[in-house]
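We call the chains A, B, C and D, going by the order they appear; numbering starts again at 1 in every chain.
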Amino acid sequence: MATDPSPILVLDNVTGGYGRMTILNGCSFAVARAAITTVIGPNGAGKSTCFKAVFGLLRLTGGRILLDGTDVTGAAPRALIAAGVCYVPQGRNIFPELSVRDNLELGGVALGSAGAMRPKVEAALDRFPILRQRASSQASTLSGGQQKLLEIARGLIAAPKLMLIDEPSIGLSPLMVKEVFATLQGLRASGVSILMVEQNARSALEISDFGIVLETGRTRLTGTARAILDDPRVARLFLGADVELD
Amino acid sequence: MTPVLEARDLHRHFGGVRAVNGVSFQVGEGEILGVIGPNGSGKSTLFNCLLGQLVPSAGTVLLDGQDVTGMAPAVLNRRGVSRTFQLLQVFPQLSARENLILAGQEHVGSRLARLFGRPDAGLTAAANRMLELFQLTHIADLAAGGLSYGQQKLLDAAMAFMAGPRLVLLDEPAGGVNLTLLGSFRERLRAMNTEAGATFVVIEHNMDFVMSLCTRVICIAEGKVIADGAPEAVRNNADVIEAYLGH
Amino acid sequence: MVGLLAQVLVSGLAIGAIYALIATGFSLLWQGSQTVNFAQGDFVVVPAFVMLGVRGLGLPLWVGVLAALVVSALVLGLLFKRVLVDPMLKHGSLQLAIATMALSIVIQNGLLDVAGGEAFPFPGINGGIDWGQIFLDWQSLIVLAVAVAAVTALNLFLGRTRTGRAIQASAQNPQVAVLLGIDVARMILITFLINAALVTLAALLISPIYLVKFNNGIGIGLSAFSAAIVGGFNQVRGAVVGGLVLGVTETFAATFGPDQWRDAVPMLLLILFVLFRPEGILGRREERRV
Amino acid sequence: MSRDHANLAGALGLVAAAAVLGLLTSPYIVYLLSLWAVYTVAATGLNLTLGYAGQISLAQASFVGVGAYTTAILLPHGWPFGATLALGALLCFALGVLLGFPALRVQGHYLAFVTLALATIAFLVFRNEAWITGGIYGIDHIRRPAGFTSGRGYLFLCLIVLALVSFGAWWLLRSPWGRAFIALRENPVRAASLGVVVRDYTLLAFAIGAALGGVAGALFAPLVQYIEPTPFALTLSFSLLLMVVVGGSGSFLGPYLGALVAVLLPEWLRFLKDYYLVTYGTAVILLLIFFPDGLVGLAERVLARGRTVK
């Protein structure tokens, strides 16, 4: 993937953190087009922080971020949305008191009038029948898995080229995890590039094309998902053993 | 011999989510037990159940063989259980020494006697000793809020020892502490374990720290204990590796 | 008896609808920017005096209303946010609440100094519908109609327009709102302007009933706080329900109970709700983190 | 001299200065100084509850009222002043315990609202229960205790009480209790894990704060010699709260300075005629915006700068 002639996203030696605490210590990797790339790594490796760095939510102390070859280092969320990036953070990120439909419409709030968004909202509801069933319910009444689907659907309203999705499986039942992952595979088929962070490394890698292993804010391993899955060093890295890397 | 701490078939559910789903283990006198497990495996919920922050849905917590299930944190503390928190929890406006005195004062005499007694509840010497042990003497009179992250972390841990606890539960003691400090921090904890004879339970993500500090490790995954044994054995356990990588 | 009940119910609903307007603004500020405005009651009295003042110049009422709206938007909306809320919020929302108490003292004494301590009459509407047993006064009916229309319009704005939804989104989950590209700061400013409009309307409706006096804000404020809490702090619709419940309870208590204890009713309701159902009638229990 | 002792010395120094000033100045200034002492006692109580223990209360005016009425009602029955003061304080202590219970369930703004509601109800009781409080007509001809009947004499009594209160509060706050109160304010969960029984200390913080409100009320009634409900309305609670915050919430000398500003600033602003309260309020807001730590915080900053310049 590093050899991908035109990756959609490139992190080039990115460093940064919160306040005086540095979390990313030179994070470099590229994300291939129309593929699922999964970032794994032990706790505190800086996986989520990496996403925040891309989405302009972190003060970077060094490095560059390229989207489609354009430097977007430090760009604001609004600019990134316009450039075709959407970010589905970890946890619950719906607007609980608003209806499912209203939540979806807000996915396009930065782009156009409510009227212009309506067909896109309908298209999203067609894509997720479970959401259509509950379209008028308050979003807080959806199950955890349905809320995650809603977040993904909301992200799609802006027709992104790249979706950053952080720990989509956390707190979901195995059945729901399957559904969420199947949704991501469907997105890939329609040409969306996906960069995912997952705790559940094995099942995430199984649906991914590429894998990236981070540890203490650095890129430790990159390769095809298969190769990462089969690499015995990965497990040891997770459990804190010293690993010799090439 | 009666274990210092025993959890018997602990459960804690949040709605439909079984965060802790039948956990049993024992901690013997003087042990340093590490608790590891992937994110969201139920470690923190387990800790909160052990410490009275949460009432378990089912199961029993025994301290020296006595049922202490759901006992309030302050009461548990007076029975010799102290803890640290995952996020820094010192009292920022108090000086480091005052933080330590506070950590010990409720164990000295009756409340009324404390009101009319000495302002330091007679704990200045003990606090100074603790400052020395954790190498914090030079910052004794500074407000805790102004200390570096590592110093606050040390102070936080030192506070847990002020009342001469029988059992100390440490929640991610190494989190955010830099490597240089980590080694000496581990030595402090070891010393407290041997000298003060306190029993430890430690949740920690930093595997090196766990492996080098603990005498025994249990691994929690999906609310259950999936491995229990010597640190190296747990680290190489196939189920543990499986749990960390997901299925 | 039926006639009396109907009349009490209508006037209770009318006063309740006004409380609802004030409480709605109050809880919008709370949701939008953690602003607990202890001067909210005084915010109602300010535009009332502006209207009176303009009328005193011999100009028609609608000019007064317009002037009050402009003054409210500038002073109680923009200036309040920029000069007091924005800098105070840095120090914490309780500090901000305390600053609004000082603001309440400033407004009340300012009005006392400028206008004096008497209660000024405000033009209202006389007469009513007489159905023999049942008499309903126009004043209450019109107040009710206008307040209901205003609340409905506000709800339509918040629920059906892009800006409205963005405002709700910013209040419910500002971090995520930012991720979707919503200009959260602008949405908060709009909330303050909406509050300014709501208190102006409330002033127009309540002044014929309570007259206009420099310290009316105390009682109005207390009722509005109670309405917001009884209905549910984290919901706009809650304030509406709370206002109506409060208005009716208060009016019934005042009619059938001892008048001098009238002010205790909203306070008792407030205490009971805060202690036993802090999320209010409609509210959602905030998720508690361990 | 440690900071602790500096606090006590500062407080007693202010009391002594007030006594000297009382000997030299006009009856009006003597009256203002007495009022300062009364407010300082009440604000010290609130500072304990709010500033140290972190529990907001808008009911302090009600305790001042309870203390004032207790003294005003019992003095004509031949009770000695000392006894009515003690009884008022005790009554407020008990009521303060009750007021503390809501704080065990709710915090922050919700607590502010509950205490505000209770204060409103207390005011209605003062106003409506005429058989005991005299209702809106109040109670007049409240006599001052023998030996302290003159304005100046009564000022000395107020200052004696303030000095005792200062010492008591100082002792309390530097004792392990004071530390526990601060722990309650800064992090109740952590405090509980260190054995601090949050419930007891919360109730005590309210009760002791309320008792000092009662003491202030007991001093207030004979000072003005006529009481009715109005002074004990919500406005006084707001004012006392502002005194605490203006002086410096959670600093020992804060209430002394806050009360001084509250009593003196409107006097100095007399040249503004009617507009002095507006100016005072505005000044308070500006102070809150620019110096959130209050006057004590401001003074410390200035002193610290002076030290570094040297």
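In this text, contacts are C-beta pairs under 8 Å (C-beta built on N, C-alpha and C of every residue); 3 or more make two chains touch, one makes a residue touch a chain.
All values derive from a computational prediction rather than experimental measurement.
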Worksheet entry | Reaching chain D from chain C through chains that touch each other, fewest steps | 1
Practice prompt. Could you tell me between which two chains the number of C-beta pairs in contact is largest?
Written response: C-D
Discussion item. If you average the CA coordinates per chain, which chain's centre is most distant from that of chain B?
Written reply: C
Fill in: Centre distance in Å when chain A and chain C are each reduced to the mean of their C-alpha atoms
43
Response to the item:
When centres are defined as mean Cα positions, the distance from chain A to chain B in whole Å is 34
Worksheet item: Between chain B and chain D, what is the gap in Å from one C-alpha centre to the other?
Response: 41
Worksheet item: Just curious, how far off is chain D from chain A if you go by their C-alpha centres, in Å?
Response: 56
Worksheet entry | Contact footprint of chain C on chain A as seen in their complex | 55, 77-78, 81-82, 87, 89, 93-98, 102, 105-107, 109-111, 113-114, 140, 154
Fill in: Touching residues on chain B, where the partner in the complex is chain D
51, 53, 72-74, 77-78, 82-83, 85, 89-94, 98, 101-103, 105-108, 111, 114-117, 119, 121, 159, 163
Discussion item. Under the definition above, what is the set of chain C residues touching chain D in their complex?
Written reply: 36, 84, 87-88, 91, 93-95, 97-99, 101-106, 109-110, 112-113, 218, 222, 225-226, 229, 258, 260-261, 263-264, 266-268, 270-271, 274-275, 278
Item to complete: Quick one: which bits of chain C touch chain A in the complex? Just the residue numbers, please.
Response: 159-162, 165-166, 168-169, 172-173, 175-183, 234-235, 284
Discussion item. Which stretch or stretches of chain A touch chain B in the complex?
Written reply: 20-21, 42-44, 170-171, 198-204, 234-235, 238-241
